[in-house]
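Below: one structure in structure tokens.
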Amino acid sequence: MDVLYFAWVRERIGIPREAVETQAGTVMDLVEELRGKEERYAAAFADISALRVAVDQQLTDFDASLSGAREVAFFPPMTGG
Amino acid sequence: MDVLYFAWVRERIGIPREAVETQAGTVMDLVEELRGKEERYAAAFADISALRVAVDQQLTDFDASLSGAREVAFFPPMTGG
Amino acid sequence: MRVVVQEAPFDFGVEAAAFAEGRAVSGAVVTFTGIVRDVDGGLQAMEIEHYPGMTESALTDIAAEAKTRWSLEDALVIHRHGRLEVGEMIMMVATAARHRKDAFEAAEFLMDYLKSRAPFWKREVTADGADWVAARDEDEDALTRW
Amino acid sequence: MRVVVQEAPFDFGVEAAAFAEGRAVSGAVVTFTGIVRDVDGGLQAMEIEHYPGMTESALTDIAAEAKTRWSLEDALVIHRHGRLEVGEMIMMVATAARHRKDAFEAAEFLMDYLKSRAPFWKREVTADGADWVAARDEDEDALTRW
């Protein structure tokens, strides 16, 4: 599964994207796995209320299923316009 | 005093403007005088709820004073934009 | 703040771009353009009568009122009169403000007031003749918002 | 309906004029333009990051949603990414409708959704460094209107 990071999430983790081998059932399960990897992940995911998530380029919630998902992206609230 | 007519008021009365000698104290007094002039005036001013008035190029009401006024205009509700 | 009343066409693209150009203070520019619309497929032209002198002062007053009500950096009103064909632009307003809410609201306010308080009268010319456009109650009602 | 995401500048005047040109059905065209604003006198540039692929589909979804909610003839969204200087145009939306209320509301809706639901992130570069712009509660709250 491709995991993408944008804005300060990307900066904090240090990479824009990575391939992750996971059996995580939901976005939250994936977050828990990532938190356990390294301190910079734990820091980036410390407060998920400050984060947004998209699964296969659709905005969704942290309890969304990852069944069949190919791409998950984490980022701060958007500031377009 | 110059009296101006616009849109269908102008068409009904048949002229765009005229000089009127009057001692009318208010717009309504002037309307009464004009109504008395000729049938086409009576027709144009039959229903003043369908009319708007400006005194010296400022929108106002039919009970407005004409003291010092140089120009009075009668017209239907505006349809700009 | 600029108010223009003219018979000649105006160039919407040029006016809009000039208005928005190089605004380092305003973050938000809104424009509205009114176009002669062929309502029932039979419109040949729109004729717009106005009250020279009062038109300019009424539009200037409306724009000045918008500047007192919203935090506006600038405003522009252009309104044509005379005979216009279907598809031609009748008028435009533009507003510039720091925040989009001010720019949007001030533009809507300008339009609502201009519709019912600036001395223009439209006449639709069709194959059957010409008819003055009646003022719509909802245009008058729109003023109660402000 | 057209959605454009690009790094290059766009020509607001040309885009606005082309959008409004020859609309015999729509009587009302509204545009909104967002410009890089120097908030406190110290802004050197704005950097805009986006999520290629998702950006286009999110903007397309937002524009399609606007067309289901209002009687819109057409809509246009252009949004830039990359580095922009003060005074440069970040984005524009345009809406065309028979009536001005639809054109105004749909443009405000597009802006409100685009602010908080399209994957763009702004970073302000000043003499002191670069900082991500925080999402404003009032932008999120604006969505509750619709």
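Quick notes
To keep things simple, chains are lettered A, B, C and D as they appear, and every chain counts its residues starting from 1.
The rule is short, and it goes like this: a contact is a pair of C-beta atoms (placed from the backbone, for glycine too) under 8 Å apart; a residue touches a chain by one contact, two chains touch by 3 or more.
Since the structure is predicted, the reported quantities are computational estimates derived from the model, not experimental observations.
Look past chain D and you find the other chains held together by touch in these sets: A | B, C.
If you take chain A and chain D together, no chain is in touch with both.
A centroid comparison over C-alpha atoms places B as the chain most distant from chain D. Between chain B and chain D the centroid-to-centroid distance comes to 48 Å (mean Cα coordinates, whole Å). Centre to centre, using the average C-alpha position, chain C and chain D are separated by 23 Å.
Multi-chain contact residues of chain B, defined as those touching 2 or more other chains: 81.
Chain C has residues 34, 100, 111 in contact with two or more other chains. Contacts between chains, counted with the stated touch criterion, involve the pairs A-D, B-C, C-D. Of all the residues in chain D, the ones that touch chain C in their complex are 11-14, 16-18, 20, 22-38, 86-87, 89, 98, 100, 103-104, 107-108, 111. Interface of chain B with chain C (complex): residues 4, 6-8, 10, 54, 57-59, 73, 75-81. The touching residues of chain D, counted against chain A in their complex, run 34, 49, 51, 53-54, 57-58, 79, 90-91, 111, 114-123, 132-135, 139-140.
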